[in-house]
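Before anything else, here's the structure in question.
A, B, C and D are the chain letters, set down in written order, and residue numbers restart from 1 in every chain.
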Amino acid sequence: MIAVVRFPGSLDHDSAAKAVHAAGGTATFAWQDDAELPAGTTGVILPGGFSYGDHLRPGAIASRAPIMGAVRRFAEAGGRVLGICNGFQVLCEAGLLPGVLRTNTTLSFVCRQVHLDVADGDTALTRGLAPTISVPVKNQDGNWLGDPATTRVVFRYHGENPLGSTDAVAGVANARGNVVGLMPHPEEAVDALLGSTDGLPLFRALVAA
Amino acid sequence: MTRVIVTVMPRAGVLDPQGQAVAISLDRLGFGHVDNLRIGKRIELDVPGDDPEGQARRMCEALLANPLIEDYSIEVAS
Amino acid sequence: MTEVPLHRRLGLTDHENDLIPGLIGRAPTDAELMMFSLMWSEHCSYKHSKPVLKRFTTTGARVLQGPGENAGAVDVGDGMAVALKVESHNHPSAVEPFEGAATGVGGIVRDILAVGARPIALLDSLRFGALTSARSRHLFARAVKGIGTYGNCIGVPTVGGELMFDDRYEDSCLVNAMCVGVVSHDGMLSASAQTPGNALMLIGNRTGRDGIGGASILASAELGDGDADKRPSVQVGDPFTERKLLDCCLELAAADLFVAFQDLGAAGLTSAASEMAAKGGRGLDIDLDAVPLREEGMPAAEILVSESQERMLAEVLPADVARVVEICTRWQLDATVIGTITDTGHFVARHHGDVVVDIPASALTDDAPVYGVASEPQPIPAPLDLASVAPPADLAAAWRGLLANPNVGSARWVYEQYDHLVGANTIVRPGGDAAVVRLPGRDTAIAITTDCQPRHCELDPRNGGRATVLEAARNIACTGARPIAASDCLNFANPEKGPTGWRLTEAVEGLAEALEALTVPVVSGNVSLYNESPARAIYPTPVVGMVGLLDHAERAVGISFQNDADLVVLVGDGPARLDASEFLGRAEGCPPPPDLDAEVAVIDVVIRAAEAGLLASAHDVSTGGIATALTESALAGGRGCRVTLPPGRRADEDMFGEGGGRIVVTCRPSALPALMELAGLVPVTPLGTVGGAEVGITAGAHTVTLSLDDARDAHESAIPRALA
Amino acid sequence: MTRVIVTVMPRAGVLDPQGQAVAISLDRLGFGHVDNLRIGKRIELDVPGDDPEGQARRMCEALLANPLIEDYSIEVAS
């Protein structure tokens, strides 16, 4: 059972749940005020959106919500956690992933299909992905700032670096590889009708745990 | 060059959604109810010429502040 | 010096002022006068446009809700309905483009929410002065940012819209937004008050001094030099609260906790509450002391007319109030009982123990004066004398120049700032004709577009109105969808002036005729008048928002060329004329009147061909002519084509001439016989084949080619370059 | 309640894209080259209790600033 965590202002929780179903899994929602993840949780998704309106810093307010204590314990026990877009920002603000996400260098929201190189196909979640995948990116603050030398980088933009992130980083993992965050939206790449199914293996890996 | 600090705050009476969201969060974090929280911008810059204050004022009118919803104030370092 | 009487300062005429005592049986209090002034403004009462709007056909087999509620709705099968509405936020956007455009999005989304629907798509129809003007660049860029910031944060994809730049919009920009939502038939909500004794609840943001007087001052008067004085009344949008309001209210609606439901828009509580009461033939007793305020010490009149955003008004059973509060609290939203429904028919408001308002609710709404519009017919200009237009020396350069024109070039700079994917249902993304959005949880989809032909409407408003509807329908058809419903936003100058009033009446006649020919009902709409300054008036701009239905989402067609060696085929033989075209760049000459029967037939052929799976792509010929249509399909598909155009009068007209009735499709060579058979009497003309890295066009004695790289550079950089 | 002003600025050495963009715009608007322009936040709030400064510090640590990229300072109105 995959727990999709909702905060006020979360937007992509339904799409994330649909992606879990497309990967053969089942999903349930957890609410920010819950002290514990739902019983039987085998994986966690922090979905995209504008939790708390992105006020102060994106992800900052959500990262301090009660449910994040449970997510932290789950991750420390080796559970698989996937943060997408705002979920990635929440994981960085919570200190579960390295670095910080700042405003795109264009200073504008960017919504566009991009290609990602899978820089590390060895984590629990990125195994099974094609070397290069097509997924949409859509955010205002996706400019990752961090130290690539000490970070387990899992995704880089292929070709142009649309948001201006350090070293074209699009997604990172923790050292152990069980927590992964990325700015682009793999849950919007699980349905051929919408243009790409390249994101599906990520959800299969999450569901398989 | 003269160091100038420009402060831009939401005008009194204008909704400050950011301040509101942060106040809710502080309350939830156990800091209790916080009153009159408002968030604005602080802009630090070095201004050339011999009328830094006037220059900064013109910058505020032209770009740094939106007079419809923001008030600004200028402080010139001595 | 004699002082200007209050009613005039509030925008009421002496005649209107004299009507009020007869309606309420005494002289109004100042607060009441303020309420009348707002409710009797054009924006709220449609006092000039109401008679004209009667012309629209608003019924049809699919219509579940026509005009009269916050949004219209049509049946899309299996118990599901689609709600739609277009609305303007022109004047607020001219004063403060970011917040004006943002709150325009917020407002239209709440109209859709008010009928119980979940918003699934937004579109924006934008018109600004030429980008050579610094003011227009600023207004345009900030409005786009405002729409993006709001729409992105509330998680409703902005999947389409329109963009036009012309000097005529320099002083009065147009920012129209359309929202589409879905709701089950039995989940539809009404704004009509029901049962005396029920609680009236205000949900959402607190009430502040936003937009005080906005309804009358901002929306119904010509903008003059005094714009700066209007500054303090700007509304500020709060998309985070709007998102919570959406989630929360949809949860409340699903739990069946609303008896009646209504958004607060122009004229705030006054408008929302009086409309709710008048619609249901009920009264209201409101305690203004109960309204949660952002600022202390607001006088009653300000509380009554504040346009603070992100608020909804609900009629709730007394026994359900506690549950409503509980759910709203979880969403961190205020929900407050501010009054009760009564059987008196009166709008009563109390403040600090005094009754400050006590008037029949219907006096504010149904009894608003109705004037109609002036009418002074204008001559229809003669067609352009082609000999008066010098042919370009270099057709390839002219072509590149046209692609680099912001009215023709790619709108990517705009739509990449919008999340057009959120919700994971966007099948055809912006950049083509209509957008296609899958209906949540279904295998069906809707196509959505907004369109207008302002230059044509200026020269020949009735035919311009027809052309506007037909373009929308062609855009829908190009995705394979069948048009099922329309909404409209009538943006005009001052209708009290004869020529404008005539244009308004004529344009609506043209819209109505074409919609009837297509059997598409108008289920909602909005009117924005007085879009003029002392220096200039806008073109007549009746924007049409249209929705089409696709029974099989997977059969949706896009504009991209798909396969090398596919045939490029022209369906229809509508005219190509330089009159009022973008190539000409001005409203001169007069485009030929659309042939309604021929247009409907072309549209029908393309829809049936798409349903039959015959089409690889479809793109209608519109702004920039067939050369532009071919280039756009080539760029989208990353493959060129080589075609020969049917012989016309002159190569530049053949390539860049505009006029309806033509759709460029591509298909496998083997599909051509089936397409021709299906087309019957509709002309189907093979023009050439898909392939290569350039677009090559033979027009008469000229063969012109443009490489995809050159074309892309011109097309993609049109707007960024104009803004740089 | 004590009025407290919290200032949160991008840390020295951390690139400030927003500040850069504003500097470029100012230059384009004819204000000439402006040096060292940095944009941060100014948060005004009323803090309860008898240790407003300590309380504000805890708020900064808990939420208001991100130490990876931001420095904060606190000013208590007298």
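Things to note:
To be clear about the criterion, a residue touches a chain if its C-beta (ideal position, glycine included) is under 8 Å from a C-beta of that chain, and two chains touch if they have at least 3 such contacts.
Source: prediction; values computed, not measured.
Two chain pairs are in question, A-D and B-C; the one with more C-beta pairs in contact is B-C.
With centres taken as mean Cα positions, chain D sits 29 Å from chain A. Once the centre of each chain is set as its mean CA position, chain A and chain C turn out to be 35 Å apart. A straight line joining the Cα centres of chain C and chain D is 41 Å long.
Multi-chain contact residues, meaning those touching two or more other chains, occur in chain C at positions 238, 240-241, 332.
Multi-chain contact residues of chain B (touching two or more other chains) are listed as 17, 21-22, 25, 29, 39.
Contact with two or more other chains is made by residues 52-53, 55-56, 61, 64 of chain A. Here the touching chains pair up as A-B, A-C, A-D, B-C, B-D. Of all the residues in chain A, the ones that touch chain B in their complex are 52-53, 55-56, 61, 64-65.
Those residues of chain B whose C-beta lies close enough to touch chain D in the complex are 1, 7, 9, 19, 22-23, 25-26, 29, 31-48, 55, 58-59, 62-64.
Those residues of chain B that touch chain C in the shared complex are 11, 13-15, 17, 20-21, 24, 66-69. Of all residues in chain B, those touching chain A in their complex are 17-18, 21-22, 25, 28-29, 39.
Here chain A touches chain C in the complex through residues 8-9, 11-12, 14-15, 18, 48-50, 52-55, 108-112, 136, 138, 140, 185, 187-188, 191, 193-194, going by the rule given at the top.
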